[in-house]
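What follows is a pair of complexes built around chain A, which joins chain B in one and chain C in the other.
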Partner chain A sequence: MLLAADISVYIDEIIRSLPLLTTEYTLVLSIIAIIVMDLLFGKENPQLLYMAATTGLLVALIASINDWNTVEGPQNIFENMIRVNRLSLFLSILLIIATLLTILITSFEKPFKEEKKGEGEYFSLLTLITLGSILMVKANHFLMFFLALETVSMGSYLIAGFKFDRKGSEGAMKYVLFGAFASAIMLYGISLLYGYTNSFGFIDLTEIAAQGRQIDFGLGFALIMIISGLFFKISIFPFHVWVPDVYKAAPTSITAFFSIVPKIAGLMMMFNIVNRMGINDLEISSISLHLDEMLGIAAIFTLIVANFSAIWQKSGKRMMAYSSISHAGFMMIAILSLTEMGLYALLFYIFIYILMNYGVFFILIKLENATGSDEISDFKGMGKAAPVASTALVILMISLTGLPPTAGFTAKFILFTTVWENFELSGQYIYLFLLLIGLGISVVALFYYLRIPYFMYFKESEGKREPVTFNLFELIFLLFLTTPIFLLFFQPDWLFDVINSINFASN
Partner chain B sequence: MLDAGTIAVYSFAVITVISALFVLITRHILHAAFGLLVCLLGIAGLYLLAGAEFLGVTQLLVYAGGILVLIIFGIMLTNRADGKTIKAGNHRVIPGILAGLAIFLLFTQIYSQSSFRDSLRSTDNNIPLMGHPVESLGVEIMTRYLLPFELIAVILLVILVGSLFISKKENDTN
Partner chain C sequence: MTQIELYFLVSIILFCIGIMIVLIKKNGIMILMGIELMLNAANINFVAFAMKSPEAIHGIMFSLFLIVMAAAEAAVALAIILRVYRFYKTTDVDEIADLKG
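And then the complex of A and B:
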């Protein structure tokens, strides 16, 4: 029997922890509100559900910003299961904004306008995935980590099939099978890790390793299994094969969501694990494998495979799927450079990536609505028919490639500077390789990113194209996404002032 | 000389492995389901012998009692709809055996290493028992593991709603 005193200690801990999770409660309440509203008046006016989901997320956003203004140092709550710090709060804000953008571009997409079904389920799943992602970036315990990750995965499996056709169900099924496999591998790794460390926390492994870095084969294998599961979620080579099929099969706005919210949460999870457990310093002694080199090689192969596959894609969505794999590779490079500068480079990159990707997917939705397909060759002649969309797409594609005068260049420039500094500091050749491959691959990227604008401007369409028009609201949305891409090239300090207030040492 | 506990562990292990192999080899899908039942019962026995009574009973109730009955019902219903029994086949037998052997060797390598056995034997790995295990489990869930518990509740709710929606018939307008 537990003593009453023990229980009161626990209850004090819960009471202390409760005020720091207001964002999460808001999201849970909004999920329940959406389900109830869907039952009551979902059939007659689905607009109410849009409003409910948006309101819930806006309140959660305000709660996160409020926490960001008040929380100073890192706070460990719920018996160290959750760590709230400025980094995780910054990412919660970004994730909520990204979900709000998803709801916006969903309202432009055809299937949801025409089918008039599934809005309630769609928005509650979307909110659930956001909740899971926020808990992922805040987790400090493998139980919480796994549950949050599964929240995101389960929601994603369901939401991937929302196109209601054969292709959509096939893609979702593929996703479920691959995902269950990856989760099983990761869970096995976590159980092995528990066997070695006797703890589910993200404890510093360099303290229990021999000479500060040598670990034996079993523990190393457990870590590799956990990392493999995460690689699957953030689509790093060799666990990226599911990405193009699922992205192609899902509705375009959901593809945009998949390429941002779960991916950013997974990347930050990776950063937290690598940072808190000191994985970069470890070496599996029996096969003399340095774990940082393993991560670096995975990033290099991700970049090479993703970019060379992207060249041959005929579908715009599949190309963007490979593009998102390639960007995950770039962000992996930033995770490897575990310095203050590396973290800032990663956060800057994530911010720009959100803007660019939502912009491109928004224009893809407009083009899809106009042409009825997402094949690149069907976009012929759209340069004349949709001048605004084409101009914006050129800007966004240049930014995705990483050329000036766009913020995509700034993001890559900061990233490569960090890698070079790391090479000079540590003298490890893996950083030099990462730098060279990253630079080389950007040239390949230029080739496929500019293929869509090339088809739009320089190929004439056979028939007459109906002009694609934007209403005022859509124009404002597009400006909102593209203007910062220029502004942050000339004034990156505006973003850096915010990012710099995150203290690297306290993570 | 072997004591009764060791004999019981090994016999449960043998039952589990043989029934799992039977699931793999048999071509009749209903036989495979029954093989799975025996396999799950064997695992429940292993849990009970390892001192995890709660886990063992949960395994019996949820897997052997619930999920497996669901599987058998599913097979019976789909069988009747088609009029003929479904045959399960094995594909890529040789690569499968090779991959299985490789994983087996990998795990023997891991588990035979001294550091893992030491960590299993170390005394601080034994969770101190205060009162009945089910009682302390309940207290822990409502105190230390409150947040994961509540998160699971939210996940189950939304996933249930979502899967009902996905599996709904197309022409069901009401």
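And then the complex of A and C:
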């Protein structure tokens, strides 16, 4: 029975919680505004929709930064459904910046300039996915987490088919069938977990587990099911098969978006589950499987499979899809870390990866516009025709491989240092394997990353290439993405000071 | 067998049937139906486990949200499959294989 006193308690709770979610309200309002504006005057001037989406995201960015400056400790709001802390706010800022970059590179992509089709839906779906991702990193309850995940997924299914052609629809269909299957499995895992723990919170399972941190098969199976659903979102082996097809079929700017935004949300969820529920320590007794070893082996296989498949790719977009799987593997290694350095390494890696990834996809869009395809062999002779793009691409590719003097090297260096510390700390050989495979794989990565520059510089094109020009705005955008890659190599402290202000213990 | 165990048995059988359908059937819409069965299996679990939980309302609330979510997902998936049908004139997942590499 609800009493009047109870109701006033609930109302107080809601009033206390409301001011902490200004980012989300802004995004919801901007989704509605975009839909209404599309209905009223989307046909005549679609430029308004760009402006509406950008304005909404900018206001949301300001709201997040404002929260970042004011929120000190973690705050559980809405009856522990949502947890706002500095970590989730930092990630919200990154997610919004990534979406803003997506909107920018969308404006360079040809089909969207010419066809003028579905722009209202496009921008409202982009904003919707961002909203879902932000809620996902803030979720503190499995219901909240699952609804946020489904918001992200359903938006992604629709936006994957936005090329409106034969292949686009095929990619969307593969995505929706795989995705719905993965989320159904994850959901069953959540229901089993509820049966074991009677709770939807991220409770510490090491307290439930018996002596020696052992859990029985059913609970372990439930955890594996939940982790599989997350693996699908982050594209970790063996749930990565959908990635190349979907990334190839989607518009190029959406490919860039997919390899950042839903992935960050999934990774952070993984981080939360692994650390808060103590999955790192658990062992399934009946088959004596350590869950941290299982995650580690998945990361190792992700690295191997992704990098060796990437070598044989002919299409630049498919290659970047495998590259994004491989980077997900590297970030997975950071999640497995036992110390707080792992989190800092992960955040640093994510930040650098956003810059590199959007840079590469921006140049791919320019090359696609010039040559009309994304096959690597069609980029022959581009080194002379597009000197700026080629130089920038070489820098970005070196950074993606992880060689100095770029920030990609710094990110990998911090990551591997963390893994080595973990090996010394725990003495588990899985960390040594992770380190060795990670280092070896970086050499393999050099082959396929430098294949595009190789074709651009050392192969002559058959016909005469039209020179690819950049206007001032595009040059500034490219500089904005590439200069931090050098700056953060020489001065990583600039970013580290920000990241260090996230208190690991209070998360 | 207690009542909860019986419910759990039903849900496991449903879940396995769902997985079998997804793995065996080639028709996109049939696969979707298999996924719906899996979702409903989880739904039975939520309601059944809520019987023994001290905070029963949580499980029941989850299943309510789940019903709505399943409907939304089916709508999205059907729309996409319809679009595929327009291009390929089939919904057989083996024949829809232009993307390779």
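To be clear about the criterion, the second predicted complex is superposed on the first by the 504 of 507 C-alpha atoms of A that agree within 3 Å, B and C clash if a C-alpha of one lies under 4 Å from a C-alpha of the other, contacts with A are read in each partner's own complex, and residues count from 1 in each chain.
Keep in mind that, in the parts below, a residue touches a chain if its C-beta (ideal position, glycine included) is under 8 Å from a C-beta of that chain, and two chains touch if they have at least 3 such contacts.
Here the structure is a predicted model, which means the values were calculated and not measured.
Trainee: Pick one for A:L125: touches chain B only (first), chain C only (second), both, or neither.
Mentor: First partner only.
Trainee: Where does A:L187 make contact in the superposed view: on chain B (first), on chain C (second), on both, or on neither?
Mentor: Touch status of A:L187: second partner only.
Trainee: Taking the superposition as given, does A:M144 touch the first partner, chain B, the second, chain C, both, or neither?
Mentor: So A:M144 only meets chain B here.
Trainee: May I ask you to decide whether A:G316 touches chain B, chain C, both, or neither, giving the answer as first, second, both or neither?
Mentor: neither
Trainee: In the superposed arrangement, which partner chain does A:F221 touch: chain B (first), chain C (second), both, or neither?
Mentor: A:F221 contacts chain B only, not chain C.
Trainee: Examine A:V28 and indicate which partner it touches, taking first as chain B and second as chain C; both and neither are also allowed.
Mentor: In the superposition, A:V28 contacts chain B only.
Trainee: Quick check for you: in the superposed arrangement, does A:P244 touch first (chain B), second (chain C), both or neither?
Mentor: In the superposed model, A:P244 contacts chain C only, not chain B.
Trainee: Go through the superposed model and pick first if A:G161 touches only chain B, second if only chain C, both, or neither.
Mentor: both
Trainee: Does chain B (first) or chain C (second) touch A:G229, or do both, or does neither?
Mentor: So A:G229 meets neither chain B nor chain C here.
Trainee: Residues of chain A that sit at the chain B interface in one complex and at the chain C interface in the other, please.
Mentor: Overlap of chain B and chain C footprints on chain A: residues 143, 147, 150, 154, 158, 161, 192, 195, 198.
Trainee: Going by the contact rule at the top, pick out the chain A residues touching chain C in the complex.
Mentor: Where chain A meets chain C, its residues are 142-143, 146-147, 150, 154, 157-158, 161, 165-167, 169-174, 176-177, 180-181, 183-185, 187-188, 190-192, 194-195, 198-200, 244-245, 248-249, 313-315, 318.
Trainee: Spell out the part of chain C that touches chain A in their complex, as residue ranges.
Mentor: Per the touch definition, chain C meets chain A at residues 8, 11, 15, 18, 22, 28, 31-32, 35, 38-39, 41-43, 45-46, 48-49, 52-55, 58-59, 61-62, 65-66, 69, 72-73, 76-77, 79-81, 83-84, 86-88, 93, 96-99, 101.
Trainee: In their complex, what parts of chain A are in touch with chain B?
Mentor: Within the complex, chain A contacts chain B at residues 1-2, 7, 10-11, 14, 17, 28, 31-32, 35, 78-79, 81-82, 118, 121, 124-125, 128, 131, 135, 143-144, 147-148, 150-151, 154-155, 158-159, 161, 164, 192, 195-198, 216-219, 221.
Trainee: Can you tell me which positions in chain B touch chain A when the two form their complex?
Mentor: For chain B paired with chain A, touching residues are 106, 109-111, 113, 115-116, 119-120, 122, 124-125, 130-131, 135-136, 139, 143-148, 151-152, 154-155, 157-159, 161-163, 165-166, 170.
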